[in-house]
Amino acid sequence: MKKIEAIIKPFKLDEVKEALHEVGLQGITVLEAKGFGRQKGHTELYRGAEYVVDFLPKVKIEVICEDSVADRAIEAITNAARTGRIGDGKIFVSSIDDVIRIRTGEKGEAAI
Amino acid sequence: MKKIEAIIKPFKLDEVKEALHEVGLQGITVLEAKGFGRQKGHTELYRGAEYVVDFLPKVKIEVICEDSVADRAIEAITNAARTGRIGDGKIFVSSIDDVIRIRTGEKGEAAI
Amino acid sequence: MKKIEAIIKPFKLDEVKEALHEVGLQGITVLEAKGFGRQKGHTELYRGAEYVVDFLPKVKIEVICEDSVADRAIEAITNAARTGRIGDGKIFVSSIDDVIRIRTGEKGEAAI
């Protein structure tokens, strides 16, 4: 099973959520974050205004899915989150050993 | 070493914390999150009211522990967080390569 | 590629950021967190006042980097975040399978 973590622009959350839903992904966790990438000292557009890129508000999305769905999920996030401008975000993919659904005690892929 | 991430109902945080303490776990990190699981478009109870399940407030717990303690930690979280209703939460288990205690520079299991 | 997660004292964020920049690391994600380590029931100093250590405000930093840079990043964080007092924080290191830069579609180390 894979964990897909995406740091995106906050206003893209709804589009990313819909895109994940369209490829059949149902579970998603969202956290507020701030961050910066490669443009430290340069400017980035945020809500129409230019900011010196230090920490900018970002949203962190976490999606756990089966291996076979990961590529589709990554593509869905990439396409939905992209504006073409710097700061569009990053996706980090890692491996998960186990999943447990607390209500039922189900484990593994059945619990996703 | 294992990383146990649990997304739970916020009002269950204290019970989960106590349950972890009872199995000997001392360290815990907590983040505010929002999310949804499989019931998109259906309703979930939150503080006695019914919500259409889009994003609901959740708490994310992160516990790093030795491999030998992981099963007990997962069981403790599962039992403490369960209400029997949908939305009780998920646990994700992954592997950690190293831990460092910043104050002392200790590494590995000694640093947990 | 490695994921370095560090839970530090909030007032140390700027120093840690500068230390990472000095070893050539450009990307960083920051989340607000709360937590406790081994001193449950004891006191910890926070902004000059003593608190019984239950949940204290912490900052969580996430840095994804190439394997060859990880040790330098860990050392930079450790040195910048250390005050010598309890509660200085923890660093957790894990492995990342892939990285994607959303704007360009680049993958792997080129996307970091």
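In order of appearance the chains are A, B and C, and numbering begins at 1 in each one.
One rule holds for everything that comes next: a residue touches a chain if its C-beta (ideal position, glycine included) is under 8 Å from a C-beta of that chain, and two chains touch if they have at least 3 such contacts.
Quick caveat, the model's predicted, so the values are computed rather than measured.
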Does the chain-touch network form a line, ring, star, complete graph or other?
complete
Rotation angle superposing subunit A onto its copy subunit B by C-alpha atoms, nearest 5 degrees
120
Would the interface of subunit A with subunit C count as same or different, where same needs over half of all numbers used to appear in both copies?
different
Subunit A to subunit C: how many Å between their CA centres?
20
Overlap residues in subunit C, where contacts from two or more other chains coincide
31-32, 94-95
Where on subunit B is subunit C touching in the complex?
3, 21, 26-32, 64, 94-103, 105, 111
With touch defined as at the start, can you tell me which subunit B residues reach subunit A in the complex?
2, 6-8, 31-38, 40, 55, 58, 60, 74, 77-78, 81-95
